[in-house]
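Residue numbering begins at 1 within each chain, and the chains themselves are lettered A, B, C and D in the order written.
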């Protein structure tokens, strides 16, 4: 390893080697390998779906690895439960906050280990004080007595952080803690993290933002498609090297974008705003055009898409398809107008996991399949077969529960469902989130062929290569506003990243 | 139609057989009710004595109007010769009883009558009027002839209780001008409910002097409430009760006197009436006579009603002589 | 509990349904509406019929409430973990009859022993529910609906026509529900003590708070390492113990115990908890609230009788009360939710 | 909040699904023949055969008649209840609505209205009652369990308000006679024709219409359903109206069959109905269930009930049997899937080890 001499110097606070984790058909982690030394901040980077969070959940004792060697302070160890991991001095901030909405903020921080007064009963006062102290360290004004219900995603993150550092654990694992945080909050977090490191704690830090990684971390471990790639000294690498390690392939050949001639605007959005989520969104998508909506997680891209499709209402602004407005807040109206929406959360929003492949594929056609209000199962089956064949969904039978398919094939079923409605505009949120690399290319080929057929495509993606490879035009969102519009020609990673993080004046 | 046909054949055959293989089934208002158990005890003895080959008891666990019907149906189909029933609701059971009769079964109502056109004969514990009068008499004695009283009855549709209440109201008007009946409430022959109804009465009517409860569950529950409250001995209580249940309350002075007939005799006579009907000795019309075992001969009176016997009044002096 | 209503509790617009409002200040007021309603009710009734607050009147109010209060407290624990126990009526029935038989079988058995035996019996029945729910991972609604039938059936099979009456039991046992201390009947005092103990446990101990966490979001609780199975089982057992106690006290107060004792109590008890501000989807509400809810529901019946309101209206009014309770809760939740979306949002 | 706080949740639960459904689901014929409701039907048939052999009088038209007359109210209400539970909601107020209808019929008839008007008004009352439930659940967004516990008390209370302690019995004999009349020699009650219509209606609605497709989807996942344009709340509202209406019909039947209108008619029926529906294979989690299965469930309980009556076994046994069936019917599937999962994990453990082997290729990456 690049860092052997160092490693031998100090025994790692924690080390995982060759960990394997599979979820049914999906192999989430093929070779999870990480080594965290006491007193270092260690970055873990990789594309979406690289297996970072899965690795984290193994460290947390939430997932039990199917194979692999796991040591704490050099001692082999196997966690049976989250409690075990806590006991071993590992504290974790999950990518998705796990708070109890009914409990107060303070209680959320101390749940399971609330301070007890002389009476042996929980002392609310002490708990409050403790929470206050933590928040002042993080420099955020959150009322410890309010309930966690309705906290903004950012505040949820902060509370997770407070929870984690309050344990002052041997090893602190943070899975994309900064995803939803503003600059100031991030700086505070870094200050706290450094002081913890100086007190000898080992920290694992996951982020998609390289500026943060380079600013904070001593070493960087790169993962790709569920495998360990390399561990590098921050001081001795550049962003480009890291990116190459992450992507590990030449972008252009992976995203073969078919040329499509661009027609008239299909979607026209003007001054769209929703209090607290996004504001003044103007955007056009033309027939045959692929427009990418880029930005950091939490930038408001999904919310914009939801509003356009009618899942959420919007406060002001206009949305028109081929120059005709349709009822806001009613997905059916949007569908009838010719909009299709592939949501970002496949498991929760894209598919009814327990229904069969066939049923899912025809769910959008319900009324179209009915004659005199009665659905003919024959036509239903034929429709299902037609579209799943067109998209080459790999499944044993239309009858299988869609949950038994691999992520990629699930995504194809979602696409099939929408193609069946022959949409004019297709909104695709995170088209390849958590899809194995093989199928990724297929999905991309599919998308561009759709564009070639004259469908207007609005693609939301957190993966730069995807954005750069697919888009004719890139709209970058930052904190709920469109921060920049970049043409395919001059869409470079730097340009997009800077606009997204607003780290360059002029971008906002 | 077929229901009757098939049932008819079975009923016919066994009926033709005369004695020997006849069966009788008792359907009480509700199983697991102490008073009922005493009645049924008598019924069983009667059935044996009268020479039924088989006698059984079926019935609902709750005393709701419709719950008896499916039991009647099953008995109809089972080709039972005599069905003895205490109706929870005079009309709800009617149609099914009619089917049973079409099927050849004889219907004996006892304790609580059904709609007269749905049964062959009704065995009444006593002359309804007598039961009413004895209770008004007792209450008047206990409250010194004047003041407010209330009635705590069983279910609102219990034929027998309602008839007694009717007579009581008439009697009070006619003979006890100073006694005022302020309210009639229903405990549904449920211990808890009766208990709380009693409690409600005393709260709603501060000047209440006495309570009449013409049902064994009701009087026991009321007695329990009175004996555990400050009203003990202050508010009089009478009605119809089982000596065994009321003994403690008579002893502790909550209740001075109450009445009842011998429930066992009720079942006993019902069984013999059933036998006589099944053998075709009687049809249930006025004037028919049949022999009720050791209780001697009985005569069918107005509206196909047979009277078992006079009610007894229980007091501290005689209560220990009875065991039911 | 949700699980019975929503597949994973993750879909649907459920976040705020019956939820405690975000500001814990308001959360503390959660029981307030019930309390106010109760006070108002008692005052009005008393003005119309002074007898209502005469010693005997008070005694009756308390006695009526006692049994349901204990049951509601137990039910609250279970509901807070996002479950429900519909079998309490049947448990009470079994224990009550058991108590009756015990006194007859073992003459002169000390009362405290009987009470403990009753609670133990209840615990066993509760454990059966708990095990079925946690091990088979089946919604509590179905399981306890099943045991509601089974326990009741066993009760009928065991008791048959047999009934035990007040005088089958020692005088001093009956006196538990007759003698009063400072106007409080003994069994009511027992109930109060129990409720206070449970309330302190729920609000003041770690495992108590775990129950709230579980009800608030079972999966998050699992992720966080809360011993969900053990805690939920515990909730059912505790509820069983309380139902058992209620069964014993029932036997002390009422005249007869038999096959049908306690039939149909379950929905009243759940209703009491809901009126007391316990969210049917778990996670929030308090034992005290549930107890107050029970007191309110039982008092209203007594009050309506006392002021001679046509008794036929009583049940309808109770129904309205329940609906009012959940609607108020919902309105509060929605209002705060809306306020938050705007105030919390980043300035865009 | 919901989204993020629960993402974790879905993930973990999905894991469960992914694993539980391995090995892959069944196809076509076998799916139908081995499905949950098919099994329910086999059990029913098996029981009927057994009863006909064991009980001399069981196999006869008379049985058919009496048995059906007894189950009709449950059968009726179970139809819309199935749809409601499939969407993940529940309605506990059905029996009270039936009671309210019965009470209304009583007083209206007493008041001398003609039967036609009486029937119309009574059924309308059911529609309104259902709409109230629907409004509170779908529009206000309250949990249906709590709401219908409230309306359970409310509607029963109103029944008492309407008719009090009285019972009205003097309904036209012709009419009451019709309600227990049989179709010639078959022994099948004439009213079954009407019941059949209701069953077919809901069967088709659930299994062969766009609306029905939507119900399953939203039963499994309200969010995913919304994302394909299903009107979640509108659907729920109408389902509650349906239960209200059908409960009213059941109330009418009850009143005329027993020719007795009382406030306490059909009390406690709600639990019987729900027990039957769940026994029929409908999942309280929503999403799973079918009309044929439920019909089988209702008839199974009904036949066991009647068989026990015929053999003069006390209702006690019936209660215990019902309860046990209910519990068995829900724990059996989860026990099976638990075993499946366990096997699957074992298989997995066996075939993973080669994965790290290929993982060693990471050495190559480290090279550059």
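By definition in this document, a residue touches a chain if its C-beta (ideal position, glycine included) is under 8 Å from a C-beta of that chain, and two chains touch if they have at least 3 such contacts.
Chains and their UniProt names: A = Sugar ABC transporter ATP-binding protein; C = Autoinducer 2 import system permease protein LsrC; D = Autoinducer 2 import system permease protein LsrD.
All of these numbers come straight from a predicted model, not from anything done at the bench.
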{"item": "Winner on C-beta contact pairs when A-D is weighed against B-C", "value": "A-D"}
{"item": "Relative to chain A, chain with the most remote C-alpha centre", "value": "B"}
{"item": "Between chain B and chain A, distance of the C-alpha-averaged centres to the nearest whole Å", "value": "76"}
{"item": "Chain A and chain D, separation of their C-alpha mean positions in angstrom", "value": "40"}
{"item": "Approximate Å spacing (C-alpha centroids) for the pair chain B, chain C", "value": "38"}
{"item": "Centre-of-Cα separation between chain C and chain A, whole angstrom", "value": "43"}
{"item": "Residues of chain A whose C-beta touches two or more other chains", "value": "94, 98-99, 101, 149-151, 348"}
{"item": "Multi-partner residues of chain C (at least 2 other chains)", "value": "10-11, 15-16, 156, 217, 220, 223"}
{"item": "Sequence positions of chain B contacting 2 or more other chains", "value": "31, 61"}
{"item": "Chains touching one another, given as label pairs in label order", "value": "A-C, A-D, B-C, B-D, C-D"}
{"item": "Of chain C, residues touching chain A in the complex", "value": "10-11, 15-16, 19-25, 27, 200, 203-206, 209-210, 212-213, 215-217, 220-221, 223-227, 279, 283-284, 336-337, 340-342, 344-346, 348"}
{"item": "Residues of chain D defined as touching chain B within the complex", "value": "57, 60-63, 65-66, 69-70, 164-167, 169, 176-177, 180, 182, 184-187, 254, 257-260, 262, 264-265, 267, 305-306, 309-310, 312, 314-316"}
{"item": "Complex interface listing, chain D residues touching chain C", "value": "1-2, 5-6, 8-10, 12-13, 88-90, 92, 136, 140-147, 149-158, 160-161, 164-165, 219-224, 232, 263, 268, 271, 274-275, 278, 284-287, 314-320, 322-324, 326-327, 330-331, 334-335"}
{"item": "Chain A - residues contacting chain C, complex", "value": "61-62, 81-83, 85-86, 94, 98-104, 107, 111-114, 119, 121-122, 145-147, 149-152, 154-155, 182, 275-279, 300, 348, 479-481"}
{"item": "Partner chain D, residues of chain A touching it in the complex", "value": "1-2, 18, 20, 22-27, 30-31, 33, 66-68, 94, 96-99, 101, 148-151, 153, 156, 224, 227-230, 245, 248, 311, 330-332, 334-335, 341, 343, 345, 347-356, 359, 363-364, 366-367, 369-370, 373-375, 377, 396-397, 399-401, 403-404, 417"}
